[in-house]
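Working notes, beginning with the structure itself.
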Amino acid sequence: MAVSPSPFPQTLPAPPEIGADPSVRRRQRIGAIGQAGLFLSLVIALVALIVLLLDVVNKIGGMAVYGYRVDPLTIVPSIPLEELSQEELLQIARDFIPAERLDELPDELGMTLEELTTDDLIGVIYNEVPNPETITARPLDTLADQELVEVLDNNITDARFNQLNAEKPFESRSREELIELIEEEVLLESVVKTWPLLASLFNRQAIEEEIQANYPGSEYGFHWWLTPEFIISDLTTRPETTGVRTAIIGSVLVIFFTILFAVPVGIAAGIYLEEFAGKSRINTLIQTNIYNLSGVPSIIYGMLGLAIFVRALSEFTSGAAFGIPDPPPNGRTVISAALTMGLLILPLIIINTQEAIRAVPQSLRDGSLALGATKWQTVRHHVLPVAMPSILTGIILGISRAVGETAPLIVVGAAAFVTTDPSGLFSTFTVLPTQIYTWAKLPFDTFRNISAAAIVVLLVVVILFNLTAIIMRNRLRKSL
Amino acid sequence: MAVITQSSGAQASARERISLKKRPRPGETIIQSLLFVSGFISILTTIGIVLVLVSEALIFFASPEVSLIEFFTDTVWAPEAGRVGILPLVTSTLITSVIAMIIALPIGLSAAIFLSEYASPRARGYLKPILELLAGIPTIVYGFFAVTFMTPLLKNIFGADVVEFYNMASAGLVMSVMIVPIVASMSEDALSAVPRALREGSYGLGATRLETSLKIVVPAAASGIAAALIVGISRAFGETMIVALAAGAGPNFTFNPFQAAETMTGHIARISSGDLSFDSLDYISIFSIGLLLFIMTLTLNMISRWFVRRYREVY
Amino acid sequence: MTQIRSLSIQSVKAVAKDGIAGGETQAILETKIHAENLCMYYGSFRALVDVNFRAYANKITAIIGPSGCGKSTLLRTFNRMNDTVADTRIEGQVTLDGEDIYAPDVDPVAVRRRVGMVFQKPNPFPKSIYDNIAFGIKLYNPRMPKSELDARVEAALRGAAVWDDVKDKLKQPGTALSGGQQQRLCIARAIAVEPEVILMDEPCSSLDPISTLKIEELMVELKRDYTIIIVTHNMQQAARVSDYTAMMMMREDRAGEVIEFDETETIFTKPKDKRTEDYVTGRFG
């Protein structure tokens, strides 16, 4: 633009340069810092997620030192000292009595070891050597098959012995199998010390040096806690051999019956509230009530289940009323858990179904009603098919919640140590989250390892469910 | 316009007229009743909860060992020993929840502001699902995280003799990780409901993005954010697994967050998971705790819904 | 096509005269739908006041008037579609063949069976073209043999002049058709259940001119078998296709009323009400 000569050129201020105002620049700087701060918050939230997952994964495997809970030498037959010759006894005394004691002994006894009678020599050995019977113990691998079976018989209960024999007769087992069996059943081969997965992968050298320094002679190696056997094994009291099959079957059964109860009822209630309910007082009450129920802590549902399903209705929930043979003493059964869990996820499913139905365009209903379809025909043929994917998303989220929910089931259900797979509505049971809780409570590393392994199993299921639901919902949003 | 109404037109004779009269539709009636019953189950659930909690709590308060005044003032909870002061359980619930909210609110709100005001739609498309995934992780996993990661970490930082094996700080901190996604997601909903015109008005005055976000958008979404805060607190009150694993295994009246103290939910979980006898005072007592917890969370949820309705009405 | 395009007020006059010129022809005029002193309320808001309206059998009756005056609301009282909106009620009477359709013992579903409706925006069901038509038929004859059902679907699609467009893609979704085809599909869907009356709520408002002409042509054909009531804001359309016209206006209190009802020719050439004259000549609205 051409500048026309001004009559008062001196009084015109210079036009401000954009961005030159120091206050603006300062504000922009604050803005940038603020933005970084906001972003940082998001990063913190995401880092928390990563750390949490790493913490779990870090415990599902790693370097481990093995040992026996029971000293092998204490269970094998040994040769009685009385049967040994004086020479052999003297050899034992020289080998097993510490050198300084050997020097002191002649003064204490008033004579040299060689001068003692065999009986006195045996007495000295018993006094001076800890666990003297193990000295002459015969190592497992020197024993005959029959002797191995005897070792087993002497150290486990008759019931267990018979059970093992029934699984596979001892006569038909090989030597190696028998030794393995003894290690498993009697010696309780166990992990005495573990290291985290990441350290084991990236710092194996240092760990091995540490093991050799602190656990000389011990067997060690890389130990996975999350193994196929872990998933299919029975529950036992030992972290090395226990498994989550019973808990997985329990979870699947409870969830199955939860779905059977909550999904139809939830969808039906959602349909009722969106399509059929007028504005009567009872319907407003139902609606408000559902919102409130969705905020009730899950443990309260557990208490409801405990008082109503487990206690008040125990006749039914234990199956006694239906003539189930040998019913459990109270209603801590699959059906009580499923009903409790069903009530818990019901509000979730109802609210979601309502939202899905609300999103169906009114024109579709009009089109159907105008043809003389009844309300239900309209809902059944036009509204539900359109709303279904979105309803399903809500159901998946509800199921995922039920899979991971722990507190109500602790209150309602699996209190005891359950080793038999639940088989139906009236079985006592345990579920995966309860099992995780029980193990995580114990302050031993190895129990935390199996707890982590079980968490991975649980998380895989839950994350798969959630991912499916989130992806489905995002697809739906795009298509609408 | 003289028109004669005739009953038999050309068209009518061709076709049989269908009666307009109502006919019974038993199927329709049955289905409608079933749908109503399904809706009514939720009412029965609430009635069930209230009935169970109140009736068992009444039995508890009627027993000779218990007085209502003692219940709210005594600082020892040991029903079998005749001491039933709920204060230790309530204080530890409050302490863990306050720790959780002090951290979760600023982080959750900041993350929400970033998502709603700064992030590109593409970035939001990735970040929000991740936050939702975080919200979907079962709380037992957070509990595990608290005992195996947070407690050792606190012991390392503050000293093993200061931090007890069970402690409220660890439970509260991990609870905040659990609550961040809830606060973030609810706040984000409230922030993105603020009309664009408000932001544009602010930019038009020369405000920076941060100034617009903090001084215009956040105050405009205040009631939604308040709702998120309250839901967060309510969740913290009701959270069980984290505190059951990490906070403590016995009631303890203390305000030191590094000490062990059992919360209301943790106590209920521990008492009811044992092989408890159904006529012991221990069993009856957990229902009085449950009733108090129910009242606390219900009140918070109702306030929160009131806030949500308010911001939905404004825009 | 050319014939349609030439349909103007003059030709409408001719049609109208055919129908009601002589005394003998007058006698066969049969009142199909009759609203007497009809008032309609949404909650406490009165949407229609003292409406008197007639639709004669096998005639096309147009309802015209400025937007917001309650044309659609009136139309929807004829098949009780307003029932689907919460909190509505009526005073006065609406009869179908002399039967009060708001009588307590009347089933709204049965009313809609006899009084079909086509909506402003084409709303085919998100199903195949075939299922769109078959749905209504199966509602009343759930066990109809496949061959008969096929024939009925074809007849309906032919009746709505859309058969040639869709006969090769009956399994494709109805929503994939063009707007005009969708609307004819909706008309086919309506006539498939053989109603006596078809209500059309601005059926061409979202269509292009060519599709509009096709629908208008179709309406004239359909009137041989059906009674048609059409709401339109397009006065040319009302003049082109309808035999009778009701003129509606909104009162001060925002309630809609019918200010004039007469043969279309009369409404468009010598209206009695000054407001009608202003409206049809384009001086208003």
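Assorted remarks:
Order of writing sets the labels: A, B and C. Residues in every chain begin at 1.
Operating definition for what follows: a residue touches a chain if its C-beta (ideal position, glycine included) is under 8 Å from a C-beta of that chain, and two chains touch if they have at least 3 such contacts.
Being a predicted model, the structure only gives us computed values, none of them experimental.
In terms of which chains touch, the assembly is arranged so that all chains touch all other chains.
Comparing per-chain C-alpha centres with the mean over every protein C-alpha atom, the closest match is chain B.
Set against one another, A-B and A-C show the most C-beta pairs in contact at A-B. Seen from the C-alpha centroid of chain A, the farthest chain centroid is that of C. We define each chain's centre as the mean of its Cα atoms; on that basis chain B and chain C are separated by 52 Å. Chain A and chain B, compared by their mean Cα positions, are separated by 24 Å.
Once the centre of each chain is set as its mean CA position, chain A and chain C turn out to be 65 Å apart. Of all residues in chain C, those that touch two or more other chains are 110, 113-114.
For chain A, residues that reach two or more other chains under the stated contact definition are 374. Residue positions of chain B touching 2 or more other chains: there are none. Across the interface of their complex, chain A is touched by residues 25, 27-28, 31-32, 34-36, 38-43, 45-46, 48-49, 52-53, 56, 106-111, 113-115, 118, 125, 127, 129-134, 136-145, 147-149, 165, 177, 180-181, 184, 206, 208-211, 213-214, 231, 234, 237-241, 244-245, 265, 268-269, 272-275, 278, 286-287, 290, 293-294, 297-298, 300-302, 304-305 of chain B. Across the complex, chain B meets chain C through its residues 1-7, 9-12, 15, 17-23. Only residues 278-279, 361, 363-374, 377, 381-382, 385-386 of chain A touch chain C when the two sit together in their complex. Note for the complex: chain C touches chain A at residues 79, 81, 84, 86-87, 109-110, 112-114, 116-117, 119, 121, 123-126, 135-136, 139-140, 186, 189-190, 193, 195, 199.
By the touch criterion given at the top, residues 24, 27-28, 30-31, 34-35, 37-42, 44-46, 48-49, 51-52, 55-56, 59, 264-266, 268-269, 271-273, 276-277, 283, 285-286, 289-293, 295-304, 306-308, 311, 343, 346-347, 350, 374-376, 397, 400-401, 403-407, 410-411, 415-416, 433, 436-437, 440-441, 443, 448, 451-452, 455, 458-459, 462-463, 465-467, 470, 474 of chain A touch chain B in their complex.
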